[in-house]
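What follows are several structures.
Below, chain A partners chain B and then partners chain C, in two separate complexes.
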Partner chain A sequence: MVKPPDPPSEAVGASLQASAVSPRTGQFRISSLLGLTPWLVPIAIAGFATATTDGFYLHLAIMWGIYSILTLGLNVVIGFAGLLALGQAAFYGFGAYASAIAVMQYDVPYLGALLIAAVVPLVIGLLLAIPFMRLRLRGIYLGMATFGFGEIAFLIFRNWESMTGGSLGMRAIPAPVIFGYEFIDQQPYAYLVIAVLLIVISLVVRLVNTMPGQVLLAVRDDELAASSVGIPTLRYQVAAFGFGAALAGIAGSLFAHYITYLSPENFTSNISILALTMLIVGGRGNVVGSLVGAALLVILPEALRALPELRILTYGALLMLMATLRPQGILGDLRWGQNPPAWTGPEVPRRG
Partner chain B sequence: MVDHSAQQESRPSNTLLTSDALTVAFGGLVAVNAVSLHVRTGEVFGLIGPNGAGKTTMFNAMTGFTIPTSGRILFADQDITALPSWKRARMGLARTFQNLRLFPEMTVFQTVLIGRQAGREAGPVAQLLGTRRAQQEDRACRERAFEEIAFVGLEKKINTEVKHLPYGDRRRVEIARALATDPSLLLLDEPAAGMNPQECNDLLGVVQRIRDRSLTIVLVEHHMRVVMGVCDRIAVLDHGTKIAEGVPPEIRANPKVIEAYLGKEVRVRARA
Partner chain C sequence: MLEQQIVNGIALGSVYALIAVGFSLVFSILEIINFSHGSLVMAGVYVSLALGLAAPRLGFFGVALITILIIAILGVLVERMAVAPLRNKGAHRALALVSTLGAGIMLEALAQLIWGGDVRPYPLSLPDGVLTIGSARITYTEVAIVSLSAVLMISLQLLIRYTRWGRAIRATAQNPTAAALMGIDLNWTVRRVFAIGSGLAAVAGMLMGAYYNYAHPSMGFAPGIKGFVAAVLGGMGSVLGAGLGGITLGMAEVFGGSYISFAYRDAIAFAILIIIFLVRPQGILGTLNQEKV
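Up next, the complex of A and B:
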């Protein structure tokens, strides 16, 4: 077959990348500005954190950022790769303890501890996912297996006293120090969390807008079909699981050094279910949705404090309404920043 | 891929795919019993038989979706009996599915791009990082995906989601996705199943054009018209055993085939 001539390099991946300016015409378009929403949301929250001095609001902003990272990780596993993981709290916990132990017992600088907090859950996640995937655990069976792993992780946190302090937990975890600056106040801590979140968002958006992410979606939709065209489905699934675990670990580290006190009770299955709820409310496979889902589930319980008797009832009823009326998530089919490959014609206009 | 000259096509001799005494048993049920087949380079090889004859089982064993109980499968002189399907696909063995297996949320273009992914030199990490080579490859993949979509005649629907396409078009998407892997052997599992006569004719046209690209084709089929019209050689399975092999006129005249396959209807009709 005859190949058309190579298009010039400035048109590279034109439709694969989010950009406010169309690469072909240089024209500014509102619709492509919406493509920046994944980054604009955290920047807006950072602006809010600058404007307020109220510790309570700053606390909500920080917890939102941490839960957003946790939920984005779960989104890669459940939303993109289609693997039902119900033990995400385990990786969140491994990240939190690994980071605290690295800083307190081995004097690792914070950035190193943050890396360890990603690598430890990554390795555990990979070691777990390989047998799970090989044994063809899928759907609710994978859900049960990962849930079981979450319970085991909880027991490890509670019983490995020499490392985790057992049920007494770990106290006085120091604030992160990066290049000599100590992130001890809430406001700078919010900036730190949002900075990490922005990097995580960039990674996830890049993943979903390039072919490896597309392959994940294909594997999710039909494993056999994907393998029939030469896709090593197992490797992609294992990698996605590991990536989700690493993001959970990063969230755990940011949590540990913010709360400064770790107890096994912080990492029960409640957290796994909370992250899952944030994901479902925001919409599976929707990047901005994860941010919105995390925001709603951080704010909602606080907003409902005004009606103490009805709080849990209202909360439950809202979740049920969501599941019934908006099963695809609160944003529906709006997937800002996500640009699946589309054919836009040959990239060079051919002249006669 | 090997370029085939005209005389090679008229007298093909070299074997591309071999099944050597292949047996597939599910518990006590022997679905395929010691079947040996030789598919020659450049030919359209038909595999027919009545329902439950073991065609699809045979097909799945050749493509790595079923593990054979005994026997061997050779592809381009390599033993692939134990290889998983994705490795076979990377060697140049592509397939379609009897009950379409597509990615419902994806567009035609996205689907065919997935077919292009396995043959790439740049790994997933290079693609994520967007290295220069990966970007050049991205462009080549997009062009190739477009070519395959145009080849099956779907270029006007390239950005349509697959779930919105009519049945016949979905078949074409599957074929385009398989062709995007750059195969040397394409196995089609009952491609005419569920198609109306018009769609069936169009499909025959597509099969002819694939053949003109010097691809070898294995066609598992039920529609006699499709099989007789397009195949160079045909093997007939009945109750998991091969009962005949030869060119279409031989098959049509073979008493065993008439008995097992074609004759049944006649007998039923005669009785009624």
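Up next, the complex of A and C:
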């Protein structure tokens, strides 16, 4: 059954405007200052981190920053490219281990290790995405395949003892040293994480507001129509998948050098599900949404600290209620690929 | 040794097959994946555990019947809460994966709230005894697992082939719109399918409980995923395929675990999943495309 392709949606360009100056008219408007929100949120958190000396709040700020980067990466894949990826923990783990191994076994300076933590998941992500995309694995098929990949990655972390230390994990991962400064205290670490987050936000916002990002949204909204006007859809989807993996790796590196101890248990499917919850709650395809979703799910467990059993229950309930009652999330937009809204058409992977 | 592994593989595979049927049936009419299916298996273990402790005089089959009923209702409840709202809204199908994942997490957390997070001994057991065929030792429990699964799968196949319910399910799987126009109540068909799949998940859970002799809130997760792999492997939408996929996966795990690498035993299912998706997405029997398109 081939549907006539919908005309490319004109709302694509309006989906995210993150500039105070309208790209169309070049005019400055007060209301378009709202477009600066993606940067204002981390700056506000940085201000908060300056004001407080309480280690607990600093810890929350750091974890928020790390999860925000992870969720933004997932947002690129799920929200902007419309590809359901359920194995993001794998890339988070590859980044974390790659960075820790680079620093500890090969004496790579931290900035180099951070780069490695982005490149290793990027390469793995591309190698994975190329066959998946070529064979038109989409929707739930892609979701289950990436989920399976996440589980395989977990087993690699647990069993490759010479590299990852197996289930004993890696201990005493050194704090990042950048230009001779050691980020060992929580406050500077929070600044480091937020600085990286600001760069990531700029990259993501820039991606969405420039041609490649707009093309990506068009591919998400209607793959068939996009390819019929000559867009190499596969290339864009593969690139988006790799970009998301690289961001997850960066988050993993920041996590590894903050926690200083890595265990395979840090990279189970639970973390993929957590990132997915953050994304769904905040809203797919919305940069601020990822920041808000990450904040909510970092604070929530602390708010429910007295009732630890209720925490998991709340995760589940949030995921289910958000998906059913407000599928677009708190801030997101509703679109997700060209799938026909009726629940009757076939969604069978086609041989490419 | 070899015979023993074949026996173990078939027993494990029968449980996977029972779980796979649930995925397969739901997929055949809604084209969604019910991620909470593994949690329903776990719920089957715990509900039967509670019943077995509260009313030991019911015996295995008395407990089993009540448990199946309860889990079937639970499955329908999951459909009502996590799937039906999306169906009514016409939201993207992939969201059902997310919402049922949430439902599954809730079920697991509830089990943990009610029965605690520790491993608990499973009170029900099947008759004791061992058969010896060649060098293989087959416990009566294994015999019961395989024969019960076979009987249930065959009955389900007959139900789908020869009854009005079965016809309604097949018609809906072929073309929901046309089926609805012919007077088939889509909602009821969906509910029945969820009830049947969940009931079989409950059986799988009880068999697992009796086989491993323990219960744990997260014990349904891995078998749930593997049941899905079995369903994909055999060909989604086919009872026979689910059986075939389950046995194949069970064998692959047992043999892979002993001849390739025990540490990566759990990776075998996922490796198979990815390879099947890449090489033959319609599964061994290829029923996906036959009835559709």
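We take it that the second predicted complex is superposed on the first by the 282 of 352 C-alpha atoms of A that agree within 3 Å, B and C clash if a C-alpha of one lies under 4 Å from a C-alpha of the other, contacts with A are read in each partner's own complex, and residues count from 1 in each chain.
Rule of thumb we're sticking to: a residue touches a chain if its C-beta (ideal position, glycine included) is under 8 Å from a C-beta of that chain, and two chains touch if they have at least 3 such contacts.
Just so it is clear, the structure is predicted and the values come from calculations on it, not from any experiment.
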Of the partners chain B and chain C, which touch A:Ser227 in the superposed model: first, second, both, neither? first
With the two structures laid over each other on chain A, which partner does A:Ile178 touch: chain B (first), chain C (second), both, or neither? neither
Using the touch definition from the top, say if A:Leu135 reaches chain B (first), chain C (second), both or neither. second
Just chain B (first), just chain C (second), both, or neither: which does A:Leu217 touch? first
Between chain B and chain C, whom does A:Leu36 touch in the aligned arrangement: first, second, both, or neither? neither
For A:Leu304, using the defined touch cut-off, is the partner it touches chain B, chain C, both, or neither? Pick first, second, both or neither. neither
In the overlaid three-chain picture, which partner chain does A:Gly143 touch, first (chain B) or second (chain C), both, or neither? second
Mind working out whether A:Leu325 is in touch with chain B, chain C, both or neither, as first, second, both or neither? second
Doubly contacted chain A residues - partners chain C and chain B: 1, 341-343, 346-347
Note which residues of chain A are touching chain B in the complex, please. 1, 3-4, 6-7, 9, 12-13, 16, 206-207, 210-212, 214-215, 217-218, 221-222, 224-233, 236, 239, 340-343, 346-347
Provide the residue numbers of chain A that touch chain C in the complex, in ascending order. 1, 84, 86, 131-132, 135, 137, 139-141, 143-145, 147-149, 151-152, 155, 158-159, 273, 276, 280, 309-310, 312-313, 315-325, 327, 336-337, 339, 341-344, 346-349, 351
Can you name the residues of chain C that touch chain A in the complex? 30-33, 81-82, 85-87, 89-110, 112-113, 175-177, 225, 228-229, 232, 261, 263-264, 266-267, 269-271, 273-274, 277-278, 281-282, 288-289, 292-293
Which residues of chain B touch chain A in the complex? 63, 65, 84-87, 89-90, 94-95, 97, 101-107, 109-111, 113-115, 117-119, 124, 127-128, 130, 135-136, 138-147, 149, 158-159, 177-178, 180-181, 213
